[in-house]
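The structure under discussion appears below in the form of structure tokens.
Chain nomenclature is as follows: A, B, C and D, assigned in order of appearance, with residue numbering initiated at 1 for each chain independently.
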Amino acid sequence: MPIPPANLYPPFNIVRLSHVVFGVTDLAASKAFYVDLLGLQVTDEDDDHVYLRAMEERGHHCVVLRRSAEANVRSLAFKVYDEGELDKAHDWFRAKGHDVGWVERPYQGRTLRTHDCFGMPIELYFQMERLPPIHQKYALYKGVKPLRIDHFNVFASDVDQAVAFYNEIGFRVTEYTEDEETGRLWAAWTHRKGGVHDIAFTNGSGPRLHHTAFWVPTPLNIIDLLDLMATTGYLANIERGPGRHGISNAFFLYIRDPDGHRIEIYCSDYQTVDPDLEPIRWDLKDPQRQTLWGAPAPRSWFEEGSLFQGIDPVAATLKATPIVAP
Amino acid sequence: MPIPPANLYPPFNIVRLSHVVFGVTDLAASKAFYVDLLGLQVTDEDDDHVYLRAMEERGHHCVVLRRSAEANVRSLAFKVYDEGELDKAHDWFRAKGHDVGWVERPYQGRTLRTHDCFGMPIELYFQMERLPPIHQKYALYKGVKPLRIDHFNVFASDVDQAVAFYNEIGFRVTEYTEDEETGRLWAAWTHRKGGVHDIAFTNGSGPRLHHTAFWVPTPLNIIDLLDLMATTGYLANIERGPGRHGISNAFFLYIRDPDGHRIEIYCSDYQTVDPDLEPIRWDLKDPQRQTLWGAPAPRSWFEEGSLFQGIDPVAATLKATPIVAP
Amino acid sequence: MPIPPANLYPPFNIVRLSHVVFGVTDLAASKAFYVDLLGLQVTDEDDDHVYLRAMEERGHHCVVLRRSAEANVRSLAFKVYDEGELDKAHDWFRAKGHDVGWVERPYQGRTLRTHDCFGMPIELYFQMERLPPIHQKYALYKGVKPLRIDHFNVFASDVDQAVAFYNEIGFRVTEYTEDEETGRLWAAWTHRKGGVHDIAFTNGSGPRLHHTAFWVPTPLNIIDLLDLMATTGYLANIERGPGRHGISNAFFLYIRDPDGHRIEIYCSDYQTVDPDLEPIRWDLKDPQRQTLWGAPAPRSWFEEGSLFQGIDPVAATLKATPIVAP
Amino acid sequence: MPIPPANLYPPFNIVRLSHVVFGVTDLAASKAFYVDLLGLQVTDEDDDHVYLRAMEERGHHCVVLRRSAEANVRSLAFKVYDEGELDKAHDWFRAKGHDVGWVERPYQGRTLRTHDCFGMPIELYFQMERLPPIHQKYALYKGVKPLRIDHFNVFASDVDQAVAFYNEIGFRVTEYTEDEETGRLWAAWTHRKGGVHDIAFTNGSGPRLHHTAFWVPTPLNIIDLLDLMATTGYLANIERGPGRHGISNAFFLYIRDPDGHRIEIYCSDYQTVDPDLEPIRWDLKDPQRQTLWGAPAPRSWFEEGSLFQGIDPVAATLKATPIVAP
């Protein structure tokens, strides 16, 4: 199935990914990881929640940690262009037969909860409490100096179906991996905000969250984080990297939080605002698509992901074998 | 005059700045500067023109050097969202009483030539020849490793008027400098593509082009360029920097090409896609707005700019005195 | 007067510069500057002293802050190769007619106090309390991530005389600035430990301490420090830079501590262990010797320095005019 | 066997490692690797040799490529402190029963050829043709921007014996790996010039050359090299890294030249000039000694090395098993 042409006039206007709500089993341990180690800023907290933002964000939160009996993901959230877009989205999802509902979320305006074509819970809102800029309060920078949430990556049982769905609502494919033998998609990167992706899909039992990524200033910040993790008890949380992705051209590191939620630290992709930007095709057999420098990813990186609360994943339909570290 | 609210539904959709056409008096010297020193890539050339692109761009050109009896600027160009937007733009400018015309430009589709509220020539197009990606052809990277054109900055005789005009066609103000005594704008940064600016305006005899900026990977690339310029005969072309702007938070360097056209090398501003992003206000008396680290700019930086061909600049209406290097 | 040939077999063996004792008028303010801002580590402190080391040092201190009624410098200290070298030094200085005395210094073994040819107090020791390595305790790194003390720079009233004296005790000249008209030295850089300098001399009313330098990992750490200083109340403490020195090829920044003691943050000079390394000559008229990129230093940088306690400086004998910022 | 105390007064004075002579089977391919890819500078060449230096070196060569029927190493060379030291070395080696001979080497003065305790060929000289500085000719920098040769690492069949021998001639141990069960040395790093090592020894069939290392400015230059290798046909030449060594704290990359000679690209170790610097002990079972961030080295890195011409390696006496990538 070929990549569909970009839908330049989607039924509603999503601006960008916004935040993730993680169910975490040890709130203090998770806070230590995201705040003391990574350097995200606490914007609010109570006994059961910690709200976090990155250094250049003015919205109230990009991560919500929520105390939970089990590690899981509660929702992936996106910001729309204005209040009216929420109504358009509500009607579109309902017309497609998806469950829709208006939910209350602290620090947010009207929030629409629904799900994607695989039942993955997504929430849309326009209004979130705005905070004063801190990107020039350099005394606050620490850890990996996270600037902003960059993207989600999710396991999808059928990537062709994922692309069809998200393309319809305006996500444009920037790069994709094709299984040459079947002509089917192994993975795809799609964006709204003008970078390589707001959300990517990779073949696997899904829906599960593969990772959430944060943008940092330079590769040296990632090296600093590795040094810090290696000498402060987080050695086992380093999963893969550092390296350069073939796809997206980003310099990357993958780490795992105390519950195993995977976090990517990421910099240096490219601008994709041109509506006629041609997607870049990669062959599933090309190991450089994963790591330009050749090192394959470990098996855990291909197999493990975070469950969405209450959603049982479905096995992937495409059975190709990825190249893993021996 | 306060900053007007962002116009979220402008009469036509400009995606981003696209390219500049420089009139240059010594084509070989200019090519040496942009290609051998800065590292832009030649995409075509003939006796009278050199077409250039930066490393992550897939459009055919971001700079056109054109042999000229006098150093000047022929036009600033912008890309629109699709062909239909060109017609909307044509009609809007004509209805406002601006000259409009369809012009032929090599490697571009239908191109609309018109001017802004000060007579500054601007050109709009949707289609430009697309080239294969080279951002992973690392053997081609050299000089300052320019990734993409980032923004224009122009002298405007009345910045309040400039903001009113560009705001109406969808450019959103991200930061601005206000003269506290008069309440008038000294400078403003406005964007379409999701960074701090596509085009900025600074108080001065105008219209004149203050500078054209290129985005590079890290501050170390700027340091590399300084070392290279200092030891290859370009010492006198270094005008200001390196430094950190208070406004935009960018790490910057200003240099002058062989004709005096000013080029900024730039990295690390922030994402501005939120339609409700609040503009940041700076006081004209705050020297940190120019350089966070305190060093004032030289007088040339405030006074000199490139003329647009055939356009006589008008004196600025605001007579405040900038802080310059002693 | 030409540069004398290196004295490869000096009368005693100095290994490297070791530490400086600063008289400071506000111990808390100085501690905040060196510890909280720069990131030096406290190894001991009492009501009147703070002892500091940098991240890769295992000796007990590289800076001693000492509460003082007046801002001044108490001594510059050097480490010798073993205990026996102290006796050789003692006898050599005494034979030359210099005052010599054994003094008690906390955390140090036997310490010889004497002075150089200008009366500048210097102290020599072999043994200092050794501390466990902390260079891989990455959680301790902060500020500019200072790795080690690198060099002293002092104003000398007669640089030819300084070079003659220090050359005799084994300091080798790596680079020097000559006044072309008189053939006299304007400045000289001399080393023992294999870098561009342990101690440098610059023409001026002396002896006064021009600056003490610390080595940091990369230019980005210097940029980080500038951002931090600019936004935490230390803007006025930034004196010069960042830039690249022609001499030494180092990337530099000059800042002033709360008493005006000048600190250089420094990286990327070159290895000088070859005994036959040829000194590099610079002309006093060449502005690139100061800053490769061309920006002249401010007047304060040429004129201001720290007094040594109880030592009245003598006017410089060479009256050439440096190139200063206009 | 414990680490012997440093011999502070060795029988002759070696200043630093100097150069390696590689036997290469395809001179053009090797030149492309060292010059076009890595960025070493050609100082002379003929049909059978290419002489190379790094950017901050003023001696004529740090690598000699020599056309050869078989890939091998001809000698490791060291610079002594003056001519007289050559005679002392000659007499010392002869008294120990080692073969000694004076050999002619282009661009070098009198050169002593002998061998170490394992028969490994080493050459000593004082005088080498000195070249003008190029470290500020920034137009010449390319590839990984190699600044200087940093160290050799050799497989030794008995590391305790290696340390005893090299310690006697003045090499000081900075770090070492001990097999906890037997109390024997697995590896040791020894220096003359004030860094972590001029020559290191690792347990294995020897003598064989494990690698030759070059110092570069920052980790970003190593990342640049990886990007370049990955996209110019050198992907298979990347063997290990990038990473941070526990031992030496260096940021590293290991690559293989067209003949399999292993090259390390290296930055950021620490200063070791103190004669009383305490060696740092690592346990063979600690995987962070190899890579602070935890990733084990590939098997090839432990097993493969370059033969010295005409020397058959002897099996290692210590049979411990290293931790390798699974």
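A few comments on the model shown:
We adopt the following convention: a contact is a pair of C-beta atoms (placed from the backbone, for glycine too) under 8 Å apart; a residue touches a chain by one contact, two chains touch by 3 or more.
Please read these numbers as outputs of a predicted model, since none were measured by experiment.
Between A-C and B-C, more C-beta contact pairs are found at B-C. Set against the C-alpha centre of chain A, every other chain centre is closer than that of C. If each chain is reduced to the centroid of its CA atoms, chain A and chain B end up 32 Å from each other.
With centres taken as mean Cα positions, chain C sits 44 Å from chain B.
If you average the Cα atoms of chain A and of chain C, the two centres end up 50 Å apart.
Among the residues of chain B, those touching two or more other chains are numbered 136, 218-220, 227, 230-231, 292.
Here chain B touches chain D in the complex through residues 136-139, 218, 220, 224, 227-228, 230-232, going by the rule given at the top. Those residues of chain C that touch chain D in the complex are listed here as 8, 15-16, 56, 58-59, 79, 81-82, 126-127, 130, 133, 135-136, 147-148, 193-194, 217-219, 246, 249, 268, 270-271, 273-278, 280, 292.
Partner chain C is touched in their complex by these residues of chain B: 218-220, 223, 226-227, 229-231, 235-236, 238, 242, 244, 251, 288, 292-294, 325-326.
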